[in-house]
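In structure tokens below, several structures.
What follows is chain A paired twice: with chain B in the first complex and chain C in the second.
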Partner chain A sequence: MTWLRTPPDAKPDAQAATPEGRSDAAVDVQDVTPEGHRDSVVDIQDVTPEGHRDAAADMQDVTPEGHRDAAATPRPTGLSLGVVGWLRWGWRQLTSMRTALVLLFLLAAGSVPGSLLPQDGTNPSSVAQYYSSHPVLARILGDLGLFNVFGAPWFAAIYILLFTSLVGCVLPRTLRLVGSARQPPPRAPGNLSRLPFAVSYATPLAPETALESAAKALSAKRFRLRTGPGWVAAEKGYLREVGNLLFHMALLGLLVSIGLGGLFGYKADRLLVTGTSFANTVTALDEFHPGRLVGPDNLQPFTVTLDHFSASYVTSGALVGQPAAFNARIRYSASPGDSMHSYDLAVNHPLIVDGARVFLIGHGYAPEFRITDGTGRVIFDGAVPFVPVETTGLVSEGAVKVPDASPKGLGFVGVFLPSAIDVGGKLESYFPAPNNPMVSLVSYAGNLGMNSGPSQSVYSLDTAGLHELAVSPRPLAIGQSIKLPNGLGTLTYTGYRQWVSLAITYDPGQTAALWSGIAVLAGLLLSFMVRRRRVFVRASTDETGNTIVDLGGLTRSDAAGGFEDEFAGLATEISGLHQASTDASQSPGPDLEAPDRTDRTDREGSGPSHREGSGPSDPEQSGPPDPEQSAGE
Partner chain B sequence: MPVNSGLADISNDFLLTAVVIYALAMLAYACDFAYGKKKLPALRAAKASTAVAKASTAVAAEPAPDEVALVGAKSTATAGGIPSTVGTPSAVGTPPTGGGAGAASGDSPSGDAAGSGLRGAIKGVPDRESVGRWVTIAVVLTSLGLAAHLSGVVLRGLSVHRLPWGDMYEFVTALTCVAVAFFLGVMIRYRAYYLGLFVMAAVVLVLGLAETVIYTPAGPLVPALQSYWLAIHVTAMTLATGVFFVAAVIGIAYLFVDRHARRVAAGRPTGSDGILRRLPRPEVLDRLAYRTVVFGFPIWTFGVMAGAIWADRAWGSYWSWDPTETWAFITWVVYACFLHARATAGWRGRRAAYIQLAGFACLLFNVLVISLLVPGLHSYAGLT
Partner chain C sequence: MLRLPYFASRVVGAAVRSPRRAAVGALVAAAVVLGAAACDAGATAQDTAVGNGSSFVTGSYGTTVFRSGARPKAPDVAGTTLTGSKFRLSTDRGSVVVMNFWGSWCTPCREEAPALGTLARNFAGTDVRFVGVDIRDDPASAEAFMRTFRIGYPSLNDPSDLVALDFNGTVPPAGIPTTLVIDRSGRIAARIVGQASYSGLKALIKQVKAERG
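Showing the complex of A and B:
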């Protein structure tokens, strides 16, 4: 009831005129806090933080549910309130605005390590690297879940608490909105000049006539009306609260959609060399991250064949070597045995099959080798994908493993250089396109250890059981060979192919997420652009027999501003109506320039110019007035 | 299509010109503070109270000055108001407040139309006022600078045949362009000319750094950026960043003015406060910052969502906690904190302003540190 912040001993007219709590204009506008969570402080009041505390305490009785000021909530003492009392207290704490604010902060702060530390989900190899370079620290961080922040229990706890708090706030508010939409606007306060927007003027019309035409004007502007003896109350802008609720509900919907994707969706990766195919089965995928409720049978059974891949690069200028376009020509069938379709897969242009989508996310070179072992048998003939280790020349590293060669297993590690160039005896690649594709290999023989021990990366060689062969480290051009010593065999570099890496994703929650996102935005715009506002009109006869019309207006939630103009427009229109009906019955000739207006203009000695900027005419006056002002009245 | 380096060079010339003109505009705003014939708030309050005294010829019931203003004005209405006429506007002028800046509102230049005559008398509704010479010069310079700036951005786009916000340099030139345009709009709508010095100083600094430190020659986009979602996502992010930029400048001005106002209220020495005394009351700045954020927040939300949709099209997942995404999310949450804090007891005013600045700091951190130093899917800055 302290919206006008009247000193306790001076009972405000507004309150006196409105005996039932519900109809107190000032109190009600409170429900429409600008941002979702209800709070006990009133915009119109404060500027100084010190001022709020008592205001907050005062407001308690009128904010029975929803987000309230936790600090002002009485804490149950001892066990006097019992379990229910404590639960109620806990619930109030949780659904208080302060708690929501703290949880929001925690959500932001908790996300920070997720962006600064490598994450299991997106970059597992960096996490492994971190473990090997900082073993002790990494173990502590790992125990805290900091390498998987967005899947960590504590992170889930933050957002679950936040959303619980949100539900505890939104549900009561929805009920209240329904309630207030059913009830008529509150009665007009007694003294309209106390309201933040007010104007008063005299008219010879009878009070009833004046009120009637004012009510008609307000009704035409689709205000909801309530009339009483000598007053009209009008309210508009319920959509603001609708938007606010929609925004918060939609956030909840977004969380549910993300959860759906986490349960029923999957992500997978597959590297595919030109000229080869794969089927979308768990065994054929390089990496497979299923949702919690996804089994091997849930994968869409499509097959993809990569026919051709091309990449083009900027060939001159400052940005030379920067990629300009990637294009993969593929054929696919929805299930094995179905007819094949052609498709041009490109970045930003995925293939969609049965709801699953296939993305082109990377590319590289796969040099081709033919390896003959000591017995003269061709034991390997094919392309080996090498991974790029830098971007300007696309130098790529890889390993060739032939464990079954006899008499000894053979292994090769090396680099592929798309545009090889000798820079002072060191081989480099000057361009990502294959202008001069060469490989440089180091040869090993021995036991590759592939049938025992931990699984190895296909791009590197575990040289523990191997010995390096004395072969001159001469780079090979296409067609050139290395003859291994001791009759171990021959390796011939026969050419190269390109490979692409494909990401396959399936997320059944994404449509719901999209609609939730649209609802979030719609709710946000509604709650920011619509203002809930009340306009009151009082007409009474003064001692001299004239009718005095008082107009008052207030808004609690004018986030985007503009009520000052709307109120001025309404006031102008209503006074104009009153004037027009006067003109119809009496002689015209009203002089709108009141005597005191001339006075006002004059008293500014320096004239109206040079007064830019702050001060009396500042439009920001539009909003709530000062607390001092309200308090003093 | 090849890069048209001639156009790119002209674009650079335009942008350099813009920096120079902005610097001159900044100077003009500063001159307005130094030489503009503007009444100080205290002076205005004094004027207002004399006016009130003049007006209250009849009843003067209560001793409180506010009450005097109210009653005085009302008595003028009944006594001086011509009975046969309507619309003798007699409502209360906003009474002088503690800060003294909220003087009566009925001080528009005479000769207004009848409607605005009433408008001038409405409590809470501001009047129009004219601007001084230095401000006129500054606004003209700002507009000229904006024209050069805009030409520079457009020519850059023409030279590379695409939207000119594909790398860090282009992003910064575009976002400062948005900031200046938005600021011009705010300045004219809210008559907030006093912000010119601060916004221009920040713009000159940022644009100057863009031209010297992070300049990137014009070139085509990497394949990942070749999508119409670039136009949607990055445009929204650029717009929102420009708006938040202005909000942050207002927030900083607020903190200084608020501190000054507290010192004055506490009777403590205030040091050099020449400019601060001429700025509006802190709550005016606070509200302006809030409205600016309210304008930018939905754009940011939309930009993040558009980014999510694009990520879904390009990378197969609408949200993958890429570092840049994470910081866009953090920024969103911090600005949401700001919006909520402004409605929470004990968090309004300075605390809320700090939160707002923290939000902008997160945004800057994302632009300057994350996208340059932390590898991720968003590493397009074009700087090596």
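Showing the complex of A and C:
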């Protein structure tokens, strides 16, 4: 975006409250005194209203409307504004670029405590700890919502204001752009030789005829025309405004669709062991990040059963052990009672059900244990997901908790080794596939601390109330058991299963956001690549009775590339028309370097007929009289 | 968020294989906390996942009481109990039903269990029925839990969350534990998300029990 790129020559006009009126007035003056020799720099700028109006339009691109308005609006004095006036003033302030930037900064600053202080949503036990170690400070911070920053009302206020500010800024500009796209070309300035591109020649045609044929030629090139006494103004490149418009509307669309996603979407995670099922309900999810307006009853009621998971790995070469393919065979139903469908989940091949997407994002092993306690009863029999801690051999860590064992609670922590190998007395896993699946556990007995206090991770053991038991053997192969001392019980490693972790996302604004994003880009490209360019033609009779045709061209100073050729081509074509349609003996049009007007020798602007890019700020460039000026006579 | 480095390296290409990344991944993964995290539904829309996994948002916890005119109808939940007998909610129509969603791995469930066990015994012989819904558990652990806390009432074995799913569109359990008080006409009179207190639950039961209808 041209956000920070402000054409230097835009400033004078940006300050002018009514650039349109001002330039028109200037043109009028020029009309009255066509021989404006004493053009000062400022006058030149007035003569070329187009550049400035475009530049001003650019300014609008760069700086939201509201900013300028805010700058231009006089400060309200006392109560004279009235309620409506104050509201309007407030709205202008809110939708100004400055306010948007301040809000953006506040948003960033507001999230700082969210990363410095423990947060209720993610780490409640640390919050509790903070309360116990700094009771007074914690209460103050808590009242300020700093332990739940992203849910705090003040944080919501910031982003709602930011959103309003952006929408309030973009919407009126969109409307203004519609107006700009429908605008006719401006009137032709009086002195076309002042324009960056200018050419002048004599023609035997009458001025009206010359203008008419020029207009026809420009019209054939799909220029938009406006005519007046003795002049034709033509403009092309309105697609730029269309691009601008597209960009702004798409930006609005993007904001709205992101807002939609934030309000009605959610993200969730779930770990699923093969052979088991889950339903998309809050109680079944490991993580749940709902949008603002999502409640537990808004989740799509699908169920997923994981029948089989397979992973294949590269078995040789430099990439040995790297995963080659994953496939999770699932069955799902869209809602309770619906028929079950089969589906193969793979990486980047999500299941889409009822608008929600289910991605396969991870996998691992869940060793299975059967544990009996001191009374001889089976008190645990199931698979325990272990979490991979490295990728080469997929060594995984986990914990088994049996708080209700009798006479003492039992706990085990350890590692699962898919392809166990003894490397100098140290157990490692040489490959991620289960070639030699073993577990190595440390056993504990005592109080697992699960009957009160903060919730624990299921992957680790709080050993504060436990004592380690001396047991052997370690490691265990499938089918092997460890007998705990003092008749505390036995643990048998009965096998393993695989698990997958699934990410569930629902974002109702996603498709709209995608299309809006594409449209933003398209609009941006259009507005960058298409230039507004204007061509003016003036035809008049000089004192010798000759018809003098002036052609002037103008485009945005910062994107002139290509216009030079276009203008030259147009000039060639038009002058060719003017010559060819009359006297064949006259030198034909293409010789553009053959202008003609004696009365222009004293003009500053009669230098080289093609003046390229001589900015208004550079009047010195107008050189000596054209040496070829009389060639055409 | 269980974003294991495994798939990350798969998606990006085979380039990423640092053990440090793996360790970070494991840390992140550790936050998933199969059960503990599920204990705490209703987390806010934050994306930070690393923690001890015991995340819960106090704001989403609490008791909701529905006026008698505005009570959602409870679905006719049916299933098999941990001891293998059949259960259907509608057969308890005419009684006040206290339905508790729990898991033996869930700390707040263990914390509230004594209160529930005591209340069930105190209301024994009246028309108040207690039923549990055991979520994401293995039956052996669940039975051990019931022995530990002397829970005498039956619990549905619901490893696939189908009971909770049945409540979709009414007042679904918004976390574990959740306790519902269902009135005599089979409508949900109150919901307690999070740990139920003895006195709070007792008051609710008495209130619904006192209704005639």
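Definition applied: the second predicted complex is superposed on the first by the 371 of 633 C-alpha atoms of A that agree within 3 Å, B and C clash if a C-alpha of one lies under 4 Å from a C-alpha of the other, contacts with A are read in each partner's own complex, and residues count from 1 in each chain.
Convention: a residue touches a chain if its C-beta (ideal position, glycine included) is under 8 Å from a C-beta of that chain, and two chains touch if they have at least 3 such contacts.
Model, not experiment: these values are computed from the prediction.
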First, second, both or neither for A:G487, with chain B first and chain C second: neither
Contacts of A:F150 with chain B and chain C, given as first, second, both or neither: both
Chain B versus chain C as contact partner of A:G179, first or second or both or neither: neither
Which superposed partner A:A198 touches (first chain B, second chain C, both, neither): first
Partner chain in contact with A:F288 - chain B first, chain C second, else both or neither: second
Contacts of A:P350 with chain B and chain C, given as first, second, both or neither: first
Chain B versus chain C as contact partner of A:P336, first or second or both or neither: second
Which of chain B and chain C A:Q119 touches, first, second, both or neither: both
Which of chain B and chain C A:S501 touches, first, second, both or neither: second
Partner with the higher number of touched chain A residues, chain C or chain B: B
Set of chain A residues, in rising order, touched by both chain B and chain C: 114-115, 119, 121-122, 150, 267, 319, 322-323, 326, 347-348, 361, 503
Chain C-touching residues of chain A, taken from the complex the two chains share: 114-115, 119-126, 148, 150-151, 262, 266-267, 269, 271, 276-292, 295-297, 299, 301, 303, 305, 319, 322-323, 326, 336, 347-348, 360-364, 373, 377-382, 385, 387-392, 394, 397, 401-406, 450-460, 501, 503
Sites on chain C touched by chain A in the complex: 1-7, 9-11, 14, 17, 19, 22-23, 25-26, 29-59, 101, 104-108, 110-111, 135-136, 138-141, 143-145, 147-148, 159-162, 164-176, 178
